[in-house]
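Chains here go by letter, A, B, C and D, matching the order in which they are written, and residues are numbered from 1 within each.
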Amino acid sequence: MRFFSDNAAPACPAVLDAIVAANRVDTAYDGDRWSAALDARFGALFETEVSVLWTPSGTAANCLALAALCPPHGAIVCHRDAHIQNDECGAPEFYTHGAKLLLAEGDGAKLTPARITQVIDLIADDVHRVQPHAVSITNATEYGLVYRPDEVAAIGALARARGLGLHMDGARFANAVATTAAAPADLTWRAGVDALSFGFIKNGGMTAEALVFFRRDLVDATRYRRKRAGLLLSKGRYLAAQILAMLDDDIWLANARAANAGAALLARAAGGRLVHPVEANEVFVRVAADEAAALRALGFDFYDWAPGEIRLVVSWDQSEAAIRPLADAIAALA
Amino acid sequence: MRFFSDNAAPACPAVLDAIVAANRVDTAYDGDRWSAALDARFGALFETEVSVLWTPSGTAANCLALAALCPPHGAIVCHRDAHIQNDECGAPEFYTHGAKLLLAEGDGAKLTPARITQVIDLIADDVHRVQPHAVSITNATEYGLVYRPDEVAAIGALARARGLGLHMDGARFANAVATTAAAPADLTWRAGVDALSFGFIKNGGMTAEALVFFRRDLVDATRYRRKRAGLLLSKGRYLAAQILAMLDDDIWLANARAANAGAALLARAAGGRLVHPVEANEVFVRVAADEAAALRALGFDFYDWAPGEIRLVVSWDQSEAAIRPLADAIAALA
Amino acid sequence: MRFFSDNAAPACPAVLDAIVAANRVDTAYDGDRWSAALDARFGALFETEVSVLWTPSGTAANCLALAALCPPHGAIVCHRDAHIQNDECGAPEFYTHGAKLLLAEGDGAKLTPARITQVIDLIADDVHRVQPHAVSITNATEYGLVYRPDEVAAIGALARARGLGLHMDGARFANAVATTAAAPADLTWRAGVDALSFGFIKNGGMTAEALVFFRRDLVDATRYRRKRAGLLLSKGRYLAAQILAMLDDDIWLANARAANAGAALLARAAGGRLVHPVEANEVFVRVAADEAAALRALGFDFYDWAPGEIRLVVSWDQSEAAIRPLADAIAALA
Amino acid sequence: MRFFSDNAAPACPAVLDAIVAANRVDTAYDGDRWSAALDARFGALFETEVSVLWTPSGTAANCLALAALCPPHGAIVCHRDAHIQNDECGAPEFYTHGAKLLLAEGDGAKLTPARITQVIDLIADDVHRVQPHAVSITNATEYGLVYRPDEVAAIGALARARGLGLHMDGARFANAVATTAAAPADLTWRAGVDALSFGFIKNGGMTAEALVFFRRDLVDATRYRRKRAGLLLSKGRYLAAQILAMLDDDIWLANARAANAGAALLARAAGGRLVHPVEANEVFVRVAADEAAALRALGFDFYDWAPGEIRLVVSWDQSEAAIRPLADAIAALA
């Protein structure tokens, strides 16, 4: 019983169907009709004109965005526990040609204007210091917390005031939308976000993420960077088709709601053992080593996050029935 | 009627089946059973121990190989018309952090020891010059010619003598194997090749290529480079499964034979109009602008390669019946 | 008797005096009064507002300029024999993070609009190709030829029309000014040059070159790049002082005239043996191996440029009396 | 009265003399007799075979060393307040092509094995994390503390045990030698140091630092990197000569002793106001804003390090008589 990672979940039926449909011949790279439809489809969703590129991974989307927002001699402020800092093997440094990540604090991997200011106010304005050029936040965060529109907007206002770009790592953006019930526009460009990595893979996709530029002037150079990174797949239509299929009938949102609901079920069971509030599909629980072993003995698979702490991730395809046994087992811990 | 590019062809049925099969949950990144099987399966094919990584594009495979063989301050000798020079938007420079491509001449994009020597003998052995560290050849070449085992071996011997690594861009390696009927080992490591980009996508795959290291010591750092480039897809099992499916029953070879046979049919029709010998699935034909227009008017789609010259590419799925009309139309040109 | 390289020449007395003067304490990095004076002093020389940075080498000046004019995913057109291509160990690729040099032909390492067009017209306007962003020319060229103002202006007009930046490697700019008697402005910004590497070291300086930006918007990011490259020397005043000293009393021009005159003397002696017209301080002469040996036996030191060809370089400090013996020896060759 | 920075100090007489001597013609780049003598001279000083390159800045020396010890996909552990992190505008990231600095804590910018272990033990051994490849320590530290041989050796042992390279930023290495009276070998290679940036500029030099490789296999690639960075000055003899002049008669050590003695004088005056123990030539003193203003009104120039804290740096050329007035003024603060 898989609670290890939403990356281990299958692709949803609509995605498989889309791939079969895309197998009818069209053309190479991103010259196909599906790729061409992305701007309009995301434009409708976000209620504004956007430029959208597919990428085969979230790391790729994140780092193309960062490279668009920060020069090699600049810095990007992010949380100390951000995925871009800890889980991408230096991809931001690779794509930006050596920009520096400046690490801020914040509960549950969540930044605030005060936390960001704390970091950038230390940077003297001279050539000896790497100057900040961008901020990157993750919504939902690496610990399953969610930024509300006003929280993003506060950071967006700071970014504008300081001349910084604002990137949102939305590997679990769908979960954040599901939780907040906010308009996608309110969580992003209306709150000052310049570029969004809109995740599909963890949410029932297979091999495609969307990089959404609200600052459309950033897309032209990014097309070259994408190609130059070996990310312009020669049969890109299979990626575009996946994304479009998940936008149809708001599958992306239904999938996220399902995962969030499952996590809420686990959260209720965990009660006082929760390390963080559960606002998306990740649940961090304090369990002793023997308790973790007992849960595993029951067939549950999960990640040992830290000593005395496990991470449970609910995926789009897990029904209440599939989750209930784990919830019961957690509730049954002494 | 598509003769534009083998990238526009569909994926073959076995690949679609494999993707459906991989949709049964396994695990994330390359921790799955399919990814784990690659070394052994390619090892059997190549009759030696190899280390294999999937990548989502041929450019990615090529450039990870080049980064493994050449430091940032080094150079790579390739043909003036090589894909890595002309069609990857500087990806080799990106992945190698600025190594230089040294361009050699050669008929049909084919290198020889003499052509390579011509280039590297001009490089004085001092710190003012970028020193060569590797050679990259393409088999089949960008003009559809094929290196035989002895031709590769001659280049391999030169590479060894000069302390250079040897990379083979095998975006159409299957076609070269089909043409030469050589053992894959004889076309590669027995001839001195250190790393092979083994192409599947143009040959009926969807989104997966294999990077095969015969020098297995190169794979460890490459794993980090792959991750760092955003190329370690979080659901990598779908890529590994595609590759394995095409190795089954030698589908990769059957597909390439089919495409080669189609190209041979066109070559016979083109006769004296051929720009290059046709040894794989690409056919370059001299046609005047009005002749090209006439062919297009009949519904044939192809690439204008140069003034008075078109490129026709046959894909794995095109039967003789599908190709015959174009062959007849070419033969019917005055 | 040194004709090997103008890099082997001593620094001129004014430079030594300036260093002693700068040894009176001022302040660190480029906060000193000499560094602060550069913009105004070069502004007067060039009859326009400029932004000027000192660098400790010509390679550094060239590559900071190129990095300002070309993004990592772009290309720079230069001559096949340009210093930036052949003699800087890939420094342009290092500083630009992997931009590509596109090599053009031209007699005596001299480019023309037609030669540049020949290269860039081959580049399809799509993401698969590295797109040209800049042109770099060397004045005087690597073979001692000189661009006149109208020749630079023709290239400048092409650059503007195609949206390309224009850099001039002026390691021997002083020699070019001396030869043409042109106003420095006419050889540079009035002819479309955006950035000039103004060489002092070969011309009697010690360790300082000037990077002159006519497009002043380029200087801000360049300050960070200079620091980031370890080129912002902590006692930069010694570099600025050298440059200012050579601007005083037009020492830079007098030194160049002296070197050019010496080269002209050798050119007259070499007569029909000259490989290139002699327009600056370099003289390329056809001599057989035994003739070269005979000259060396007489105590003359020079560079074997190619089989049957030697390079003689005259430095600022070599009087006619110092050069005459070599001229006579050359004239005396059969 | 200058206590702002040792970078603002003049060059010492022996250095000026050496420059005049080097102005006798020799040859270009590092082909001169002075450059050729470096290995032997430093070898004698360090009682082992070493390979030494001059560089025009400490940042350049540091970053060439780091690039030799850490691949682009690796990480370097250093103190949170290290010069390479805070004062080089990302030069380590530039030279290493994007390696990450991992920041450790420690009093007075000094690392210990425990502090280093704290950082690297958090790094899971998988491709998602940037793996540590090197440690960099600064001796004397950025706050004027000094590592003793046994302290370096403890870090060296850890580095060896974990497979990490060890770099020492010795911008003020001379001061550390002066303080500890240790053999230079005991502070470096015998304690596990692989590469040392041996600073001369702050200590009475002008424009030359020495990069000393105890692991001599690292020097070959570094020669290319130095050239590629525009750091191989065309008249390098002036740099080598400076260094050799300061090694003569142990001027480097005498200068450092003088600066340290001056700092000790200030330290005694500051007494309980000291922020850090004073072990080299830097003195950090707690003074209120009005006290700082009062000191400045007396003509003393210094750096406001932090609110309520100033930094005083004593240079090689400041006699006790020159320092006494500041010492008295500090002692006279209420």
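Definition applied: a residue touches a chain if its C-beta (ideal position, glycine included) is under 8 Å from a C-beta of that chain, and two chains touch if they have at least 3 such contacts.
A quick note: this is a predicted structure, and the numbers were derived from the prediction, not measured.
Two copies of one sequence, chain A and chain B, touch each other mainly through matching residues, since over half of the numbers at the interface are common to both. Counting C-beta pairs in contact across A-D and across A-C shows that the higher total falls to A-D.
Of all chains, C has its CA centroid at the greatest distance from the CA centroid of chain A. Inter-chain spacing, taken between the CA centroids of chain A and chain B, is 34 Å. Between chain A and chain D the centroid-to-centroid distance comes to 42 Å (mean Cα coordinates, whole Å).
Centre-to-centre spacing of chain A and chain C amounts to 50 Å, using the average Cα coordinate of each chain.
Chain contacts: chain C has residues 72-73, 88-90, 94, 97, 127-128, 224, 227-228, 232 touching two or more partner chains. By the touch criterion stated above, chain C contacts chain A in their complex at residues 71-73, 97, 127-128, 131, 221, 223-228, 232. For chain A in complex with chain D, the touching residues are 72-73, 75, 86-90, 93-94, 96-101, 127-130.
Residue ranges of chain A in contact with chain B, taken from their complex: 2, 4-5, 7-11, 16, 19-20, 23-29, 55-63, 88-91, 94-95, 201-202, 206-207, 224, 227-235, 238-239.
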